[in-house]
Structure formats: structure tokens, C-alpha cells
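First chain A sits with chain B, and in the next complex the same chain sits with chain C.
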Partner chain A sequence: MKSFREWFRDWDSGRYDLTEMTASSGEAFREDPDSGSSRWARTEVFSIRADVTGTFRKLYPVMSLILCAVIIVFLLYTVEALPPFASADTPANAGEVSLRYNSMALEETGALNVVSGVILDYRAFDTLGESHVLFAAAVAVFILMLEPTKGAGPETLGVSPDTVLEGTARVLGPVIAVFGIYIILNGHLGPGGGFAGGSVLSGAMILIRMTSRGRDGKGLLSMKGYRIITASSLIFYSLAKGYSFWCGANGHETIFSAGEAGRIFSAGLILPLNIAVGAVVACTMYGFYSIFTGGEV
Partner chain B sequence: MDYLEIMLLAILVICGIFTCATKNLMASLIIFMAYSIIMSVIWALLQAPDLAVTEAAVGAGISGILMFVTLRRLRDIRDAGGKQTDEELS
Partner chain C sequence: MIYDIPLLLIVMSLISSVICSFSGDRFSRGLCIFLVSCSLLGNGTLAAHLLSGGQSVYYMMGHFPHPWGNELRLGMTESFMISFFSLVMLLILLGGGRSIREKTEKGRRGYYHALVCLIMGSLTVLCYTNDIFTGYVFIEISTLASAGILFSRGTGRSILASVRYMIFSLVGSGLFMMGLIILYAITGYLLMPELKESVCSLYSSGTYAMPLISSAALLSIGLAVKSGLFPFHIWMSDTYSEAAPASSAILSGLVCKGYIFLLMKIIRDVFGQDVYYGMGMNNVLFVFGVLGVIVGSVSAIREDDIFRMLAFSSACQIGYVYMAAGISPLAGTAAALYQMFAHSAVKPSLFLSSDVLCACRGDSRHFSDLTGAGYSVPLAGIVFTAGALSMIGVPATMGFVSKCLMGGAALAASDIKKYTVLGVIALSTLLNTLYFARTVIRIYTYKDPPRAGRAGTEAQKAFAVPGTVFALLNLSMGIFASFLTRVSEKFAGIL
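Let's look at the complex of A and B:
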């Protein structure tokens, strides 16, 4: 087995291109028809590789260059037709919908940050779908990655202890986490919101896990905790938006008032929805990281 | 302001080209993260602070970390495969 340094040098010199890699790892677990037993056998990747090296290799760069040139020409042609930046009479600035958003968003949603007002009030259905897409992606990753860890699964990736990284994480981790929570909670008052804040928060969680896993090997969340946080956030989001859709469709007044603009407890449902989205995003990203490094969430 | 924007856009194009052109996947990833950082500065200059915050957090932070972990995982799979073929050859 080659050392990491040798392998890295080979990689850097381009020895392992895509076809080489599939060839060297092209082994799969399959049934052996002769003996009736299962074994690790080579797949047909090797026979495909011989064809790939022929005319395909010669044609591929030429065709990709032509395709890129055509796409670049079309995109430049489109850019030429775009209106200049910040001109007042473009559809994006003078359309009926955006005029309504710009003039009425503060009054109707109570959010100082109009973007938050749009994505979590006017267009909350989109954000609901995005959160569920993230959840579905997380479920798919867990189905794929969690099953083979029992028994002969991939080993957990140990992070070697590093003094500089540990010291940095000890100082910076909590600060990043607090900044992420600030972005989540401040979403209706300034730039930010659930997605950005959740990502920052999950970055802090990953940093803390990266440095602490050498000692106890445990994560910050249990699988049960992950399930409870994610599912309750999504259910809360669905119920809250279902309530406001029901009120809006039937012309009722919601019990969540817009409040006084600029205060932290204002803008009706936007603050709790930001918290729910932030929890889903943070837990999902952190779950991806911990599943990929192996072991528990 | 104009000079700053032109400089940032030029670096953006260079980063984009070298993300594709670099053979070393690790270096390519780092250049991609630099691309995201520059993109978030450009979003801030284009008066879109929400996008700037999200781009910095997701593009330069989380997706970079996830791709690093994937690269490490690929490397492990490749090492295991290489070891097996070596044993079979000997």
C-alpha cells in the first residue's frame, strides 16, 4: 500500500483520472453463479475502459470545447440584452408585484428586512418546500450511509488531534455559534435568516465535533435528538403556515399581528419560522458531516 | 468602486477557470471556496446582503467542508481498492 504522500503526488500529476479511478475501485459484491456463493468480484468496468481510451478520448476535448464556446456565445448574447444595473424602469423594479412588495411589505408583514418578508410570508410555500427537500435529502443520505456501518462497514474517519485546530475551535466555535443564532433571530430585522444562520450554526457544530471526537467519539446530537428537532420544526412550520393560508383564503384576521416594526418580537410568524428553518438546516448539515465521517450523528 | 468590481470579477473568472483546470482535487476545492468568498463580496457590492451572508456560509463554509469529507472518503475507498489489487497481483 502506497503512502499518502506518494498517492497525493500521483493524484497531482494527473495519473488518476476518472477512468483510472473506476478501474482501480471497480469491484462489487455480487453473486457467483458457479459456486452459488457471494464473493467480491470484478465488474465489467475494465472492459469498458478499453473502449473509452480510443476515439472517445480524442473526440471528448474537441466536442467539449465546441459546446462551451456555443454556450458562452449564447450567454453573452443574453447579457447584452439585460437592462443596466439599478435602472428604474425594468420589470424587476417597476412590475406590479415588486412595487407591491416594496411599498407594502413593512406594513403587511412587519419585517424590516423585505427579503425575509417575501420568503417567509408572501412566498412561504416555497420555503416550506425547500425545507422538506432538505429533509428528504437527509433521509436519503441516512438510508444510504447508516445501513452498512453495522459490521463490515466503512471505518470511521478519525481526525488526528491537532493543537492549533483544537485551540482555534475552543475560542472560535462558541463565537461562530452565537453569530449563527444572531443571524437566525435577526432575520426579520436585518440581512440573514434561517438558511444562512443555520449554515453558520452547523459550521460551528462541525468545528466543535471535529476537535472533540478524538477523545470521546460522541457527537453533539443523538439520532433521536436529530429526529425530534427536525420533525418538530417541520411539523411546526407546516401547521403555522397552514393556519395562515387558511386565514388568508377565508379572509380571517390571524392572531399573529405584525407588531411594532424593529422590535425583536414583531413581524408575526417570521421569527418562529426562521428558528424552525434554522434548526432544520443546522441539524441537516451537521448530520451530513457526521454521517460522512462515519458513526453516529 | 469600479476598479474594485473589475478586479473582483477578473479574480472570479480566474478562480472559475482554475477550479476546472486544476488536476489536484484538493487545490480545486480550495479555489472553489475562494470563488464563493469573492462571489459573496460581489453580492454585497450589488446590494444583496442576504445573498452575501448565505453565499459566505453555504458556498465557502458548509459545501466546502462536505466536499472535503467526500474527497477523504473517496481516497479511503481508492486506497482499499488499490491494496486489494496489489495483493491479488502478488
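Let's look at the complex of A and C:
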């Protein structure tokens, strides 16, 4: 049995990986110290099960339960004091910000869909950041998963060919893809937009990949294609929005006019930006799927 | 025209990160260094303009002014802060090139530099933003990007450490997001000037008191978790010791500081110092800051791995920042800001010079192997010593000035805080001396004829210029402290 001081020291030096408490095996990966290579080897050094004595293992869940209970009570009190949900006269619903968005969005942005008007015009800078969040996530995954030489992940998870799935995908895949494109293009006219449409489109691409893999092992998109689409969308997005921000800040009008509301070519930059966001979202989600199942993008 | 610079730099860093991600190792490094130099020049020009009496402005990101559209606030401290960050980033990239090259696999450095560009862009936005939700979006970018540069080493332990960092950091983002939602629900605004107005009126009328307190708490705790305040510093030791030293330097010197600067902006521009300190939220920061200082120092003494020691010393220094911010709204905030400058200039130099010291001993990080390393690579030894002196708080270094400011702020505070702060500064100076003096003595203990080895000599050659600049920055800002002090005091609202 360890003394308090000993396990405090171990905790402090990071030996207990608390995130591992729920892991079933209780083992973790570390470098192989003997061979000096970075091969992952199973050792017991970081293992909770092997290392933590009874006191800590019993104390830890109890303490976390108490902490969670305190936080829950605190947040419940907060929620109870918040303005009532869905009532019309709360600060968020009746404030000058939402009033202007609701009444002026069509006139000022040319978009029938107020949400698109807000995320791609009023608050377009946030959305520009948001699409680069996806990009950052994709790059972090590439760093982690791609073998630089082969461009493929560490192991391949094959999806066994399945007649039912294949038949379904053959019928549904194109339909879903068309629907996804419709959502992207319709973003400024009705419910939809790049983020929603892009994820639907990526669903179709993943479905098609799942079934076509069994035969030739290739996806819809090569790494090169992926890079070209993502890079050109993101660069177009940054440049277009940079130009529009610059115009706004210096009091110029942009060359993109709002047009006639309700037409497909209207609402200035919103349509092209929706297409760019849709392409980035679809490619990133599809790329994650292909990398995690261990192929080329 | 001069006010367009930040927008240009933000767009540039986003675009160059995309370009870096598919270009080769050398080109991406060049592009990244070019971007950071542009950022230094551009923001430096803006800062000089604002320091010499230029008007600070709200820069609309689009056609809609606040409270409807996104905005940047181009103020003096903001532009100075980001110029300082760019300078440190430039020095890290130049001096840490070797560690990036050796600790990152060939073919992955394009991705690495893409993430560095993203970090640079998000730091720019975190410094300038006038919109709290934009702050959140760019916090996400820097979280993912810094997790990525930690992953890049690719060994088992470093991946484990970075996953742990990411979990902590995402918990912090989640808490920040919850605080943001609550604040929006009770005010209906996301831009700082209107938020401050309506928070002030809510506070004085007493409506929504509970949500107001919990949103202040959640925003503060979220950013504190992300920047590694005690007890959330436990991700630091593994993360900083396993990652490439350049990544540790970027993380400890810049990313964590970006979060803290955003928190200080939120305290000043969203809640207002009166409300925030009136709610007593600063006392929470103060208590955990004090604990962080002591626990960090005690843990650092026990380490025999130089990078883990530096990691725990980071925990101690972050504790200082929060302790100072907790003392008092004016003098305390100024001291906290100065401490941020000091730590972000000094800690990267310590990480990079230790890397050179270790390089001449076959990349071993244990104290026993480092005996006499200061003779083998004299310049790295000198830079390390200068940094160590600053961490201890010896006069003529930045660390001394920041401890001085903290002490000065404490003298004007209540009795409990006064004696706590003075006691903690005394105690932790003693503890810091214990472990830094031990290291310095160790690297200057003459053991056998000094041998640098090829790796050591080459490492030192690459580190020579950036290392010297780091050391000079530390000493000059410590000796001619009045400039930085004035910037900090202006931010806090004293001048």
C-alpha cells in the first residue's frame, strides 16, 4: 500500500494517466527503451491497473463524483436563473442584434435564409475561422496518421463486400450526393448551406467508398485531388472575404451585388462561399474516413 | 492604410498555412519564416504608430459595425503584444530549426509549418479581437494546431502526452463555450463594447446575478485550464518534455500566453475590472495562482530531466501571472502583463538552449550527463544562465522587474494578500534558486575535457544569433524596464 506522499508524487509527475481510467486493458503505449526505436510497445509503466493501489482507485471515482455533483448543482442553479427558453422577450431574442438580423437581413445581405446571411455576411469572419478549424483538424490528423513515404495509414481495415450494402449504395449514393449539392447551392434561398450540405455530400462519398473499396481498393478522390479542392476552396475563401472585409472597413462597395432576392445568382458572395465551405467540409470528412480506415485519401 | 495591416496579416497567415500544407520541407519553412517576419514588421509598424500617439480604432470586418458584425480593436497594447509574440516566434523558428528537423519526420514538416502559420494567425486574432465569439473560434484553431505540432514527433510517449494535452485543452474550450452561451443569453450581445455596457447595468441592477457569476467563472476557468494553471498543470510535464523543444517553446511561450491575454482582455473589456473584481472572481485566480507557484516550484526541484524541470517551472510562472492578476485591478493587472512578457521572452530561450546543451551530450536530458556542457557549447550555456537568472529574479533581468511590480502591487492590497504575496515571492524565489542554480552549477562543473561533438557544434551554430537576441532581449528589457512597464500600465488603465 502506498503512502499518500508516494501517490501524490506519482500523480504529480504524471504517472497516472487519468484519461486511462476507463480503458479496459489498462495498458498504454510507450517507446521501446531497449531498441531505442519509436515502435509502440505495450509496457506497464503507465498502466493504471498495475500501478494504482486500492486507495487511489477507490478515492478517484468518489472524488470525481463529488466534483461532478458540485458542478451539476452550480450549473442547474445557473440554468434556473437564465431567461426562459423560447420566450420572445429575452435579451437574446428581443435585443437590437437579433431584431436587425431578422428584419434587415434580406435587404442588407440579399439572402432569404437569415442564417446564411448572418454566418456568411454579418459574422463572416467567424465562419472564415471555422472553416480553418476544419483545416487545422485535417492537418493534425495527417501528421498523426499519414506515413510520409507511402501516403497510407498504419493498417488497413477492409470492409467486406456486402451485396445489400452495395445495392443500396448504388441506388442511394447518387441521390444523396445530388441532395447534398442542392443543400449547398440552396443555402441563401432556404434552409441549408455549406456546412450542412457538405456533410450530406460527404456521407454519399463515404457510402460509395465503402462499397467500391472491396473491388479495386481505390477511393473517389486521390490525395492530389483532395489537396487541389481543399486548397483552392480555402484560398478562394480567404481572398474573397479578405477583399470584402477590406471594402467594408474602408467604406467601399464590393463588386458583388446583392442581386434580385430569390434568384440562384444573388446575395453577392454567399453562394460562392457556400460552395467553398461545402467542398472543404465534404473533402475533410471524407478524408478522415479514408485515413482512419487506412487507405489513401 | 496602416490600419489594414492586421487584416492583411490574418489573411496572409491563413493562405500561407494552406500553401505550406502541400509544399516541401524547405519551402514551407521559408514561407513560415517570411510570414512571421512580415507579422513582426507589420504589427511593429502599427504598434509604433499607436505608441507615438496614433488613434486606436475599431476595424470593421465587413460592412457592419458593432454590435452586428465582427470587429477588430486595433489598440496600442494589442498591437505591441502581437509584435512581441511575432518576435519570439521568429526567434523560435530560427533557433529551433534543428529540433524541428530532427524531431519531425521528413515529409511532415510541411504540415508542421502549416500549423505554425495557423498559430500565428490565431494569435493575431486573439490579440486584436473585439468579439468574444471570434475569440472562441480562434482558440479552437490554436488548440488543434498546437496539438498537431505536439503530435508531429510521432513517438508513442509524445502522442500519449499530446492526447492528454488535447483532452485538457478541449475541456477548457468547452467551459469557455458554456460561459459564452450564458453571457449571450443574458445580454444578447457578442461584441465587447456592448457586452461591457450591458454587464455593468446587469451587475448594478442585480438581475441575472447567478448567470453573470457563472459565466465569469466558466470563462476564467476555461482559459485557466487551457493555459495550465494549477491543478491543470499536470499535462505540462509530459507534454513539454516529450515534444520537440521548438514545439514546447511555441506552446509555453506563445499559445498559453495568447489565452491569458484573451482572459485579461475579457476581464477588462467584457466584464470591466470593477465588476470582475467586485464579484470576487479575482480571488479564485489568486488562490490557484499561489498554489501553482508553490506546487510548480516544489515539483521542479525533484526532477532530474532538464525539460521536465523547465515544464514545472512554467507551471510556477503561469501561477505568478494569475496570482498577480488576482491582487488588484490596476497595479496587479499591469504586473501580470509584465510577467507575461517576461515569461514569453525567457522560457523559449531556456527550452532552446537546453536543447543545444543536450545535443552535445548525445541528446540525453539527465542532469548527470549534462555536467560541463556549458564549456562544450559556451553560447548556449550563457543563454541558459541568463534565462535562469531571470527565472530566479536577479536584478537586471526581466524576472526581477516582474517580481518587483508584483510586490509593489501587493503592498497596496489588503493585509492577507500583502503578506501572502510577499511570502510566496520570497519562498518561490528561494525554490527557483534551488533548482536553477543547481542546473547552472551542473553545466559549469568541469569534468573532463569539454567535447561538443559534431551535433553540439552544429546546434550551437544555428542557435548563435537567435540565442544572443534572446539573451539581449531579456537583459535589455530588464535594465530598461520602463518602456514595457508603461505598456503594461497603459493596458491596465493606470495611465
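Keep this in mind: the second predicted complex is superposed on the first by the 242 of 297 C-alpha atoms of A that agree within 3 Å, B and C clash if a C-alpha of one lies under 4 Å from a C-alpha of the other, contacts with A are read in each partner's own complex, and residues count from 1 in each chain.
The rule is simple: a contact is a pair of C-beta atoms (placed from the backbone, for glycine too) under 8 Å apart; a residue touches a chain by one contact, two chains touch by 3 or more.
In this text the structure is predicted, and so the values were computed from the model without any measurement.
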| item | value |
| --- | --- |
| Which of chain B and chain C A:203 touches, first, second, both or neither | first |
| Which of chain B and chain C A:234 touches, first, second, both or neither | second |
| Which superposed partner A:192 touches (first chain B, second chain C, both, neither) | first |
| Winner by number of chain A residues touched, once chain B and chain C are compared | C |
| Touched partner set for A:101, first chain B, second chain C, both or neither | second |
| Partner chain in contact with A:242 - chain B first, chain C second, else both or neither | second |
| Which superposed partner A:135 touches (first chain B, second chain C, both, neither) | second |
| Intersection of the chain A residues that touch chain B with those that touch chain C | 11-14, 40 |
| Chain C-touching residues of chain A, taken from the complex the two chains share | 9, 11-14, 17, 19, 28-31, 38-41, 46, 74-75, 77-78, 80-83, 90-98, 100-101, 108, 121-126, 128-130, 132-133, 135-137, 139-140, 142-144, 146, 148-149, 227, 230-231, 234-235, 238-239, 241-242, 244-250 |
| Touching residues (chain side chain C, partner chain A) in the complex | 3-4, 7-8, 11, 14-15, 17-19, 21-22, 59-64, 67-70, 105-108, 111-112, 114-115, 118, 121-122, 125, 131, 133-134, 137-138, 140-141, 144-145, 147-148, 151-152, 154-157, 159-160, 163-164, 167, 178, 182, 184-190, 198, 208-211, 214, 234-235, 237-238, 295, 299, 302-303, 308 |
| Interface residues, chain A side, partner chain B - complex | 1-2, 7, 11-14, 16, 21, 24-27, 40, 85, 113, 115-116, 154-155, 157, 183, 190-193, 195-197, 199-200, 202-203, 206, 285, 288-289, 292-293 |
| Complex contact set, residues of chain B against chain A | 23-25, 46, 49-50, 52-54, 57-58, 61-62, 65-66, 69-70, 72-73, 75-79, 81-86 |
